[in-house]
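Both complexes shown next keep subunit A, but they swap its partner, so subunit B is in the first and subunit C is in the second.
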Partner chain A sequence: MTALLIRRVVRLVVVLAGVSLVTFAILHVSGDPVALMMAEAPEADRAVLRETMGFNEPLPVQFVKFLGSTARGDFGNSFFHRAPAMPLVLERMPTTLLLTALAILIAIVVAVPAGIYSAVRRGSLVDQAVTLAVFLGQSMPIFWTGIMLMLLFAVQWRVLPVSGWDSWWSLVLPAVTLGTFSAPLFLRIVRSSMLEVISLDYVRTARAKGVSEWFVICRHALVNAALPLVTVIGLQVGLLVGGAIVTETVFAVPGVGRLIVGAIRQLDFPIVQAGVFVIALLVVLVNFTVDLLYVYLNPQIRVR
Partner chain B sequence: MAIRSLAPPDLTVAAAREPVAERSRIWRKFVRNPAGIAGALALLVIVGAAVAAPYVAPHEPARQSLIRRFTPPIWAKGGHPAHLLGTDQVGRDTLSRMIHGARLSLIVGVSAVVVSLVVGVTLGLLSGYIGGRLDVVLMTIVDVTLSFPQLLLALAFVAALGPSMVTIIVVLGLTGWERYTRVVRAEVLALREKDFVEAARAMGVTSTRIVMRHVLPNTFSSIIVMSTLQVAQAILQEAALSFLGVGSGSAYPTWGQMIALGRDFVSVAWWLPTFPGLAILVTVLAINLVGDRLRDALDPRVT
Partner chain C sequence: MKRWSLLFMVSALLLAIVVQVPAQPKDTLTVALVSHAPVLDPHFHFERVGILVNINMFDSLLHKNTKLEYEPSLATSWKPLNDTQWEFKLRRGVKFHNGETMTAEDVKFSFERVLDQKKKSPQFGNIRAIKEVRIVSPDTIHIVTDKPFPLLLERLVFFPIVPKKHVEAVGDQAFGLSAPVGTGPWKFVEWKKDQLIRLEAFDQHWRGKPAFKHLVIRAIPEIATQIAELKTGGVDLIRNVSADLVPELKAHPQTYVSSAPILRTHYAALDMRVPPFDKKLVRQAANYAIDREAIVEKMMAGLGRVVATTVHPAAFGHDPSVTPYTFDPKKAKELLARAGYPNGVDITLHSAFVEFRPVFEAIAQMLTDVGIRTTPKMWDPGPAWNKFFQTEGKAANGYYGSWGYYSVFDAEAILHPLYHTEPGGWVGKWYARVEGLDALIDQGKSTVDQAARKRTYTQIQRLLKEEAPSIFLFHQFDTLGVSKKVEYAARGDEWLWLFDAKPKR
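Up next is the complex of A and B:
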C-alpha cells in the first residue's frame, strides 16, 4: 500500500514536469516567440524584448528558468490586462468550477436513473429510445447545442437570459448545455456496468431471498456500478473542461475558458500559458485523487 | 450460428487464415443491421456532395446579394424559391455554403486521424513489443498528453503556429494519438504470449517480422473501429476550433465558422446557426453508427 502510494506520487511529479514542458513549448514551438508577440514592431524593438525576456539564452536554460517561475506560479504579466497572469486566471477559476460541477450534477441526475432503467428493461422500447438519445447526444457539437437551447429558451420563449453570469437563472442554459455533453457518456457507463452486475450470482441470490426489486438494484447492483462511473468522471474531467471552454464562449460566461479564448485571439501568451497550466494541473490532481480513491474503494487492490 | 457463438474469442486469428469467408461473414453481419446501413448511406450522400460540391451546390458559396440578405428557408414566410435553406447577412446561399463546408470537415477529419493512427500505432507496437524502459517513457508521455484537454492544447498550438488547414490537421493528429497507443499496446501485450507468436519466435523469425506479419494484422479490427469513431471526434474538434475563431484562416466556408457567424444573428435569422449544426450532427451520427456496427460485425463473439 505504501509502495503503491510512493509510486503514484513519483508519477505525479514526473507528469507535472511533462506538463510544464508542454506549456513551455506553446510559446517556443513557432521558433521565434517575439515575432509572435509583436509582429508589426521594428527589428530594434524586437531585439530589446528578446534580450529582456531572456529569449537569447539556450532553450534548456530557458526551460529551467521557466520551471522555477512556474513553481512560484509566475507566468509573467498579461500583455493586454497589464497585470500578473496567474491571479487573473485563478480569479476566474471558481466560475468554471461551478459551471462544471453543476453540469456533472445534471448529467448524473439524468444518466443514473435512465441508465439503470434501460439496463433493467433491456431491449424494451425505452431502452432503444435511450440508446438513440445517447447516439444523438454524442454526435452534437456542444456549441451548437448551446445555441439551439439559447434560440428556444431565450429568443423564442424568452424564459431565460441569453447570456451572462449575473443571476442564478443565467446559470441554467450553460449548465444544461455542458450537462447534455457529459450525460450520454455517463449513461453508457451506468448501463453497461449495470448489465454486467445484474446477472451475477449475488444479485440473483438477493432476488431469490425475496428482497424487493428496487432494493436489489439500489443496494447491491448500483453500489458496484458506481465505481466505474467515478473513474470515468475522473478520467473525463479534461473532456469536460474542454466542453466548458466552448460553453463559456457561447454564453459569455466570465470563466477561465473565455479568458483563454480571448487571450488566444489577442496573442496574450502569459494568460494562455497560465490558463493551460492551471487546467492541466487540475486534471492531473483529479486523476491522482480518483486513482487513490479507486485503490481505497476496491478491496481487491487495497489488500495487496 | 449457435456453434460459432460457442467458439473461443481467439478465432480472430482465423481472419488471417481464410480471408474470403471471413470477409463475407463480416459483410453479412454488417448488412443485417438497419442503423449501420442508414449511417453508411447518409455518409455516402455527404461524401458525394462534398466531392461534387461545385456541381451540386445551387449557387457560388461566396456570391453575395444584398437584396436577398436574411432570406428565410423556402418553407418559411418570405422564403425565396432559389434559396432552399435561406441566405445569410450578406445574402450568401446557406445550402451552397454547407455543401462546400463538407469538404473541409471531411478532409481535416480523415487526415488528422491518419496522423494520429501512424504515430499512435507505431508507438503502441514499440511500447508493447519492446517494453522495458521504452514502455515506461512512452506511457509517461501518454499520461502527460492525457492531462490536457485536447481542445485546449489544439487551441493554444494552432494559435501559436498560425491558423492554416495543415496546422489544424497536424495539431489535431498529434493531440489524438494516445488512444491508439494504449489500445495497440494492450493488444500486443496480450498477443505476445499467444502460441502462434511463441512458435514464430522459436522458429527464429526476427522481431520486426513477427510484429509486422503476426501481431499488427491482429490489431486491425480494433484499429479500424477506433479510426471510424476518431474521425467523428476530429470533425467535432475542427468545428469547435473554427467556432472559437482559430480555424483554417481561409475564406472557404466551414461548418464551425458558419455556426459562429450565425450565433451573432440568432435573434433575427434562426436558420443560420441551425442548418450547419444539423450537417455536423448528421455526419458525425452517421460515422458513429457505422463505427458501432463495424465493431459488432468485426467482433467474432457477437453473432
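Up next is the complex of A and C:
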C-alpha cells in the first residue's frame, strides 16, 4: 500500500508539472497581457511594465522561475484583481464542486434505477423509451439544454429562478442541466453491464435458491455491474468540470469556470495557471479514489 | 356550512386581487452586467463594467448631463489660467459615505495615487499629462500639466475622488475589495463576487436621495439569460441588446428598449505599407464599394448612423461639411482599374469583432463585388491583435473593428490611436502612412484654444476623406432593455447614471 501511494504521488507530480508546462506554453504564445492591461499607454510605459513583470526574460528562464514558485505554492498575483491568484481560485472552487457533485448525484439517481429496470425488462416499452431518452440526452449540447430548461421552467412556468446562486432553488436548473449531460452515459453503462451480469450462472443460482428477485438484483448483480459505472463516473468528473464552465456561464453561477474563462480572455496568466492546476489536481485525485474503490468493490483486483 | 365556505372563498379571492393590484412601490433597482470589474476601487481598473458601478458610488470633479454637457459635480466651477494650468473651485460640505467631509487634500490624494507609477494604475495614461495638483486654498485647487492638455476636462468626468484618510487606514487592497467609500448617491453594502454588488442609498448625498433605495448589480455573462431575467422581473435593466433581440423586447408586455447614439465608431483600417492599399485610388475604391445605409438598415435594425470619416459627429472637432463616401460600385471599379488592377486584386481582411460577424462578411462581399476580392478571417478577441499587426512581411491588408473613444468626446481620442505613426502609437504606427497627418494631429492637441483646434480638425477630416486610410463606416447605437416598472433612458456616453432612474407607476 505504501509503495502504491508513493508511485501515485510521483505520478501526480509528473502530471501536474506536465499540465503546468502545457498551460504555460499555450498562454505565453497566445499574446501579450501588457498590451491588454495598458491598451492606450505609450509603448515606453508598456516596456517598463513588461520589464517589472519579468516578461522580457527568455521563456525557459520564466518557466523555471514559474515552476520554482509553483512548487512553493505561490502562483503569483492576478494581473487585474491585484490579489494572489490561488485564493481567488480556491474561494470559487466550492461552488463548482457543489454543482458538479449535484450533477453526478442527479445523474446516478436517474440512471441507476432506469438502467436496471430497462435491463431486467429488456425489450419492453419502458426499455425502448429509455433508449430513446439516452439518444436525446446525449445529442443535446449543454448550452442548449440549459437555455431550454430555463425558458421552460423559469420563463414559461415561473417555478424556478432564471439564474443566480442565492437559494437552493437556484441550484436546481444548473445541476439538472449538467446532470442531463452525464445521465445518458451512466444509464447505458448500467444497462449493458447489468445485462451481462444478469445472465451469469451465479445469478441463476441465487434465483434457484429462492432468493427474492429484488435481492438478487441489488445484492448479487448490481455490485458486480457497478465496477464499470465507477470507472465512468471517475472519468466524467474531469468532463463535468469542463461542462460546469458552460453551465456557470448560462446560469450566472459564481464558480471557478467563469473565473478561468474571464482570465483567458484577459490573458491573466496567474489565474489561468492556478485554476488549471487545481482542476488537474482534482481529476488526478478522483481517479486515484476510483482505483481504491475498485479494490473495495472487487477484492480480486490487485492494484499495482 | 356550504354558504360559509362559499363566502370564505369569495372573500379570499377578493383579498388576493386587492393584495396583487397595487404593487408595492419598488425600492430596489436591479441591473445586469456581463461581469464585475476585478476591484471596486475606481482607480485600479479600466473596464466599462467597473466604471458603470463606480459612477453610482463615487463622484468626480465634473459630471455630464443627458445632453452630454459639462455640469458641476465635486467642482462647482473651473477655468483655464493659461495653456498648462487650470483652476477648480471645490464644492463645500460634501460628505463621504463614512461621514467625513471631502477636502482639497482628498482631491490631491486621488490624483497622486494614479500618477504614482509604482502603483501601476491602468488609468495612468489618461492623466499622465498632469504634473502637479496644487492646493491653493481649502476650496481651490490648481492642476498643472506638463504641456497643453485639451482633454483634461473630458478625463475628469470619470476621475472619482476617494477619501485620503480612509484609504490610507484600510489600505488599497481592502479599499478595492471590501471597503470602498465615495461621495456618490449609493454606498457599498456587500459584494458577492461574480454574483452581485449590493448598494444602498446614501442619506447625506449632496444632490439629495436617489429614487431607488437599493441598487443591485448582478453579473450575468450570457445575454440570453439576461433577457430571460428581464422578462421575468429578475432584473430591471440590461445593456447591449443586439439588433436581432430588439423586436422581442419591444413586443413584450413588461419591457421596453431605449437607444442612444454612442461614440463607438466602426471602420476597416487599411494597411498602407503594402499593395494594394499603398495606392490612394484603391483605398478610395474600397470606400465607394460599401453600401453603408443598407448595412445599417438591414443588419443593424437601423441602430447606427453613417459617418464621413472616423471622427464622430458628437466629438469635438467634427465638421459636418465633410460628407460620407457615396455607394458607387461603378466608380470603385473605375478607380481600381486606374490604380493598375483592371482584373481586380485579392486581399485578406481580419476581425475580432465577434458580435458583428455578419457585418464583417457583408463588407467583404461588397468589396469582392467591385473586384477587391476579400477573404474575411475571424479571430478570437485578445490574442488577435498580434495577428493584425504582424510585421514579418506578411501583409495583414487590414482589419475591421471599432473604437469607442474611451468615452472621450474629442477627435483627438480617435485620431491619435488610429493614425499617428509615433512608435508608442496603436494602429497608426503599423498601418497609417499619410503624409503630414502626424504633424496635424500634434498641432490639434498642442493648445487649449478650442477655435484653433477646430480649424485643425477640419483640415484633418478633409485630408482623411481624400487619403482614405480606413474604410469609413458608421457609428453604433447603444440599446438598453428596461423593465416597464422603471423609467430610464440610454445615454450617449453609455453611462448608467442611475440617479436619473425613477420608478414608474
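Throughout what follows, the second predicted complex is superposed on the first by the 273 of 304 C-alpha atoms of A that agree within 3 Å, B and C clash if a C-alpha of one lies under 4 Å from a C-alpha of the other, contacts with A are read in each partner's own complex, and residues count from 1 in each chain.
Here is the rule we use: contacts are C-beta pairs under 8 Å (C-beta built on N, C-alpha and C of every residue); 3 or more make two chains touch, one makes a residue touch a chain.
Quantities reported herein were computed from a predicted structural model and do not represent experimental measurements.
Contacts of A:Leu259 after superposition: subunit C is touched, whereas subunit B is not reached. Of the two partner chains, subunit C is the only one that A:Leu49 touches; subunit B does not reach it. In the superposed model, A:Gly164 lies in contact with subunit C only, and not with subunit B. In the superposed model, A:Phe80 makes contact with subunit C only, not with subunit B. When both complexes are overlaid on chain A, the residue A:Ile26 reaches subunit B alone and has no touch with subunit C.
Once the two complexes are laid over each other on the shared chain, residue contacts for A:Leu297 go to neither subunit B nor subunit C. Contacts of A:Leu98 after superposition on the shared chain: neither subunit B nor subunit C is touched. In the superposed model, A:Val155 lies in contact with both subunit B and subunit C. Within the superposed three-chain model, A:Val276 lies in touch with subunit B and out of touch with subunit C [touch as defined at top]. Shared contact residues of subunit A with subunit B and subunit C: 30, 36, 147, 150-151, 155, 249-250, 264-265, 267.
Residues of subunit A that touch subunit C in their complex: 30-32, 35-45, 48-49, 78, 80-83, 91-92, 147, 150-151, 154-155, 158, 161-166, 249-252, 254-255, 258-259, 262, 264-267. Remark: subunit C residues 35, 38-39, 44-45, 117, 120, 122, 124-126, 172-173, 176-177, 192-196, 218-222, 224-225, 228-229, 231-232, 234, 381-383, 385-386, 406, 417, 422-426 touch subunit A in the complex. Residues 11, 14-15, 18-19, 21-22, 26-27, 29-30, 36, 135-136, 138-144, 147-148, 150-151, 155, 238-239, 241-242, 245-246, 249-250, 260-261, 264-265, 267, 269, 272, 276, 279-280, 283-284, 287 of subunit A are the ones that touch subunit B when the two sit in their complex. Every residue of subunit B that touches subunit A in the complex is listed here, in rising order: 140-141, 143-144, 146-153, 155-157, 159-162, 232, 236, 239-240, 243-246, 256, 259-260, 262-263, 266-267, 270, 273-274, 277, 280-281, 284-285, 288-289, 292.
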